[in-house]
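Two complexes are shown next, each including subunit A; its partner changes from subunit B in the first to subunit C in the second.
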Partner chain A sequence: MPPRTKRGAKLIVQQIVNGISIGFVYAIVAVGYSLIFGVLRIMNMAYASIFTVGAHFILMFITAKWGMVPAVIATMALTGLVSVFFDFAMLAPLRSKPGGTGTTVLITAIGFNYVLQNLCMVIWGSERKSFPNVIDFGTIRIAGFNFDSTQFVITGVSIILLIILSWIIYGTNTGLGMRAVQQNTKAANLMGVNVKRTITFTFFLSGITAVIAAFLVSSYYQLVYPTMGVQLGSKAFASAVLGGIGILHGSVLGGLIVGILECLSVYFFGGGYREAVAFIILLGVLLVKPTGLFGKKANTKV
Partner chain B sequence: MKKSINILFALLLVVALISGCGTSSTSGSGNKPAEASANNGSGNGNVASEASQEPIRLAHIGPLTGNMADFGQHALNGVQVAVEEINENGGVMGRMLEVVSYDDKNVGEDAAAAAELVISDSSICAVTSAHYSSGVAMVAAPLYQEAGMAAISPSASHPEYSSIGDYIFRNNLTEQAELVYAFQMPTIVDCKKLGIVSMMSDFGESFVHGFEELYEANKDKLGYELAVESFFVDGTVDFAPNVAEIVNGDCDAIIFVAEYNNLAAFAMQYRKVDPDAQIIGLMTCYNPELINMAGEAVEGMVLYSVLNPNSERPAVKNFVDRYVAKFNSQPDFIAANAYDNVHMIAASIEKTGSTDREKIKDALYEVEVTCTAGELKFDANGDAEKTAVMFKVENGDFAEVPDAFKLWDDFVAGL
Partner chain C sequence: MKLKKILNIRISERVSFIILLVLLAVLISLPFFTPGQYFLRTATNIGIYAILALSLNITTGYCGQVSMGQAAFMAVGAYTFAILNTMHGVGFFPAAFVGCCVAGVAGFILGMPTLRLSGAYFVIATTGFSEVIKVIALNWKSMTNGALGIKNIGRPIVFGFELTNANGGQYYIMLLSLAAVIWISYAIKTSKFGRALNAIRNDELASNLMGVNTSSQKVLAFVISAMLAGYAGVLYASMTRYIEPNTFTTDMSTIILCIVIFGGMGSIRGMIIGALLLISFPEILRFMATYRFIVYGLILILMMRFRPQGMLGGVGDKPYKLPKGVKRKSYEQGGGVNGVT
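Then we have the complex of A and B:
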């Protein structure tokens, strides 16, 4: 039985509004998962901790009295390198071995995820740390509902990021190379695509995306801590799968749906069961339409 | 060939399983720069026969990493202050005290593993600080009870904790005692519509249930209405749905039933939407880190704690001065409780003249020690009587609000 509260249409709408904000937070992280999967057909389970490392780096630079902009740019470079290192040191050797795909890659990524997360704990401490919010322009009330200006920024940046990433993938030669690698790595190689460089670029790009997401999320909640990627990563992953993993605009829609359903579940069932919603959705998607809302069935050519 | 590989893997798994069972909590080295007298990760019963020179070893088990790390660390700090103080004054029966520390991450499985390690170490005679949250402590408590080792919790408040057995002690406000204070707070701050925001944990659910009972019994005399109850799970950072529920119920004050780290995130989000709301916190919200994290958002909030760092009582002053000198920060309730625990155990060892685990347990029921809690004595159930003081956050600091609480019967009579 849900705990006592005042029910009504106004609360439902406010929860939907909250759901949309949380949804864009999930979306912006989900995009990172989709990016790697869309090019390399692997689930980058280490993305959550790369996101976390990004947040900690930004905080480290800010504490050293750098401005926010230089801190973010430096972190993008550093985190991109971490992401590339992950591929270079762990995934690339696996790719060159026979039978080194699929489950092996997945478990390696999960392992790296834990290692990176615990490194954050060792280096920076496990407690929650305060993060300044420089994109805060106050609370806005529209038509009697509360909006946080930071939420608008997150929404805006999500959409811009989506547009930029889509342009890179569909509008540039590098993107053409990425799509070629995704369809058939050997053929892409034969057609002159530098596969290694394309993959490195994809990981670097995913690192940059992680930093953007980390900056937004850390600013919004004003907290940084080593396990921040865990909950968020799982739900963002669920969002990406819901929307069709590999499809960028699917991630955004998936994030929104997960966010809205999560907040509505608080209205109907109370806040104690909120965490389950994303995974119930994930289970449902995998049972009913595993390729997700926008996904097409992958044709594996022999 | 295939079959032997399978057998080999099965053997490997079994070995891994067995070795994995004991390794989750060997972090005596996981603490911050250790003091020589207070930290020792090794040790095993086969020491030579100079028993009179052997240090007396006590165990501290608590979260040193994870969400509740501050509480475990502060408890350990309190223990170390007490150990240093006692050793400076000649130790117990001429022997020095020593503390072994384990990290349970505030997780039941790790707590049980650490408990097993401590129980099987025959050189450790008691657990001077057992875990942090009630739920986790109650996982380990049956182990101590069955093994016959006294364990004192500095922080559990669940009503059924000390009834687990006669080896289980609690030096903290019981839930009923907490409710006595928490229930007075909305009336003290002149609340008209109250909301409760609680973590969905053993403690949270039990507390809210107890609060509801008191509310139902007294509601026609109270000046406020309990309008909203909103729950969240530990680790939540996004409180928007909870804030929405509170604001929708037009609450002007809320009681936050969870620790300071969750409150920091919640308060920041709540105050953005409702800057005038009154926040009421429980004892676990008392931590200077709260103000570091939440800043303006917790200005004006009220809470209570059993330790008043500014108290004039000599036992408290002595503790606070030593703690500040050693750690350069103010102590909180859990540090004070853990400090008192060490003194209780030391007194029990002195009284019984031995470090036998059972004798220590028996003596714990008989000793009465002057410490930060006043004249501390455990009752037949293993609980201790504690009094709390109200605080308000003013100008980024915890300021005492003297004489705020009444005795329960006086309070009810005055409604």
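Then we have the complex of A and C:
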């Protein structure tokens, strides 16, 4: 353990700030998992690759000199469509079969995850491509601490996105439909909720969320590569499980906890073990409270 | 459907016995008329993948728990073997035994918390476990030599005779191991334990009510699976003589899962045919090698959509004997075929 000095304390604060900003990115992706789990009760294993596809699309449009905002908007549309296509072409036929939420859906999602990841590799190459940091406005100095403005932008964008998502889910009719489908699909259908459209909308929304996360992550690390989703996806999943999957505020808190602990572990144990922190947390949570911090005790086994 | 008819042909026992004998003769005499060492190496590789698929088949096929950590257990076995062999000079067989046991212990540690839960948690936990193993292999430099990997791993020596790829010894040791693993798989499948696993796959709640201790049976299946994967790792390490943290990737786990799904969950000969087809196809169709992983992914998706029981799933199994006068439900009735829903 490093000595307790003034400089050490400063470094800890620095790492916590790093942790909060990267934690918000985990939170966004975790919310993406939670959205789909909330409505369909399935884990979208392909989400990590949808995130990667999003990052590659943004890079492609930015390289084509579209400018930042049009690039992100175009990517949102495209990636949302990929996400909807996944549901429409692969999951919907399985849902119509009896008992279509078990192993078959899981393996289909693993397969699609793999196809997307390797399509990225074939189309854009497997090397690490540099991404322009378009949200860097220099260093900001507050109370003797140097903060990267990228981190502020990430935190700000994430908070705005999470507020918008909460508004969609808790403040609009579509969100009411989503919550109705979550509680009881059949009853929701009888009450006039268009279940198919609600599911499609949820997939589109989760695709858009993935794009924003992809944009923030690529700007932060300034790198885009086909396997970038693998670790981030599983860390975000760990966050979602930590907070209680299917619960939005739980996912956000889970993401923050994972992000902060990860950055603190870099301070205490060095960078080598960073990637393992999220999974040790995940295993611990599964051992102690599988429903997560905010999870209610479910009637069925999770 | 025509395909269904072809796949459902039941060969008479005498014919299948003759086919088996011919196949055995071909397999045993393979090193004597191979076109080259590369061919034999590919054959050994196929055999190792068949062992891996059979090991995953115990958790995924018999028990219905999808695991993505097979490559990690392979890594545990391979590293334990390599460290014992290169640093402490332990011979092949005792080191291989220890490698298996350590992989089994790893399986126990991972299985205990996660197997109480269903599907996706287990997938993520096993994926995460692969990541943790990789991090350990990269950072525990005094033992694993970090990113440089371990070189000059020993080959098995039997009565002072080194088994190499050139003299076909490695091929034979693979063949023997494969036969042993097939026997283990068959023994598990037909035992009380195997029936309990089958019950868990079909309906966990019901089997729990019938008195099956589902958690402990699942963990036991997972531990056996991990041990076999660890042994495959030992074979792999002694074949390539060099391992590093990036040898055992998620790609490998996905290929193994793909073989199990393609061959048919729960089928034993399906694993071998699956390994044969899926591992040899990038070698034969060279132009496809770039797209091989896309093909593996597509196989997973398409199989789930159109033939969830796999190419050979439920074909070779003899139907369970029912008492007289009890009518059998046909496979097509009900939801999932062979309990895979």
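The rule is short, and it goes like this: the second predicted complex is superposed on the first by the 291 of 302 C-alpha atoms of A that agree within 3 Å, B and C clash if a C-alpha of one lies under 4 Å from a C-alpha of the other, contacts with A are read in each partner's own complex, and residues count from 1 in each chain.
The working rule: a contact is a pair of C-beta atoms (placed from the backbone, for glycine too) under 8 Å apart; a residue touches a chain by one contact, two chains touch by 3 or more.
Here the structure is a predicted model, which is why all the values come from computation and not from measurement.
The superposed arrangement places subunit B and subunit C in clashing positions on subunit A. By the touch criterion defined above, A:186 reaches neither subunit B nor subunit C.
Once the two complexes are laid over each other on the shared chain, residue contacts for A:222 go to subunit B alone; subunit C is not touched. Of the two partner chains placed by the overlay, only subunit C lies in contact with A:102; subunit B stays clear of it. By the touch criterion defined above, A:93 reaches subunit C but does not reach subunit B. When the shared chain is aligned, subunit B comes close enough to touch A:18, but subunit C does not. Of the two partner chains, subunit C is the only one that A:110 touches; subunit B does not reach it. With both structures placed on the common chain, the touch criterion links A:231 to subunit B and to subunit C.
By the touch criterion defined above, A:280 reaches subunit C but does not reach subunit B. Partner contacting the larger number of subunit A residues, of subunit B and subunit C: C.
When the shared chain is aligned, no partner comes close enough to touch A:65: not subunit B, not subunit C. Stretch 135-143 of subunit B is the one among 63-71, 81-89, 135-143 or 387-395 that clashes with subunit C after the shared chain A is superposed.
Overlaid on A, the two complexes show subunit B and subunit C touching the same residues of subunit A, namely 121, 231, 272, 275.
Against subunit A, the residues of subunit C that register as touching in their complex are 64, 66, 68, 110, 112-114, 116-121, 123-125, 127-129, 131-132, 134-136, 138-139, 204, 250, 254, 257, 261, 290-291, 293-294, 296-301, 303-305, 308, 335-336, 340-341. Of all residues in subunit A, only 42-43, 45, 90, 93-94, 97-100, 102-108, 110-115, 117-119, 121-122, 230-231, 234, 237-238, 241, 272-273, 275-276, 278-280, 282-283, 286-287, 290, 301-302 touch subunit C in the complex they form.
Listed in rising order, the residues of subunit B touching subunit A in the complex are 65-67, 69-70, 200, 226-233, 235-238, 240-242, 244-245, 247-250, 261, 264-265, 268, 272-273, 289, 292-293, 295. On the subunit A side of its complex with subunit B, the touching residues are 3-6, 8, 10-11, 14-15, 18, 21-22, 25, 121, 126-130, 139, 146, 148, 221-223, 227-228, 231, 262-263, 266-267, 270-272, 274-275.
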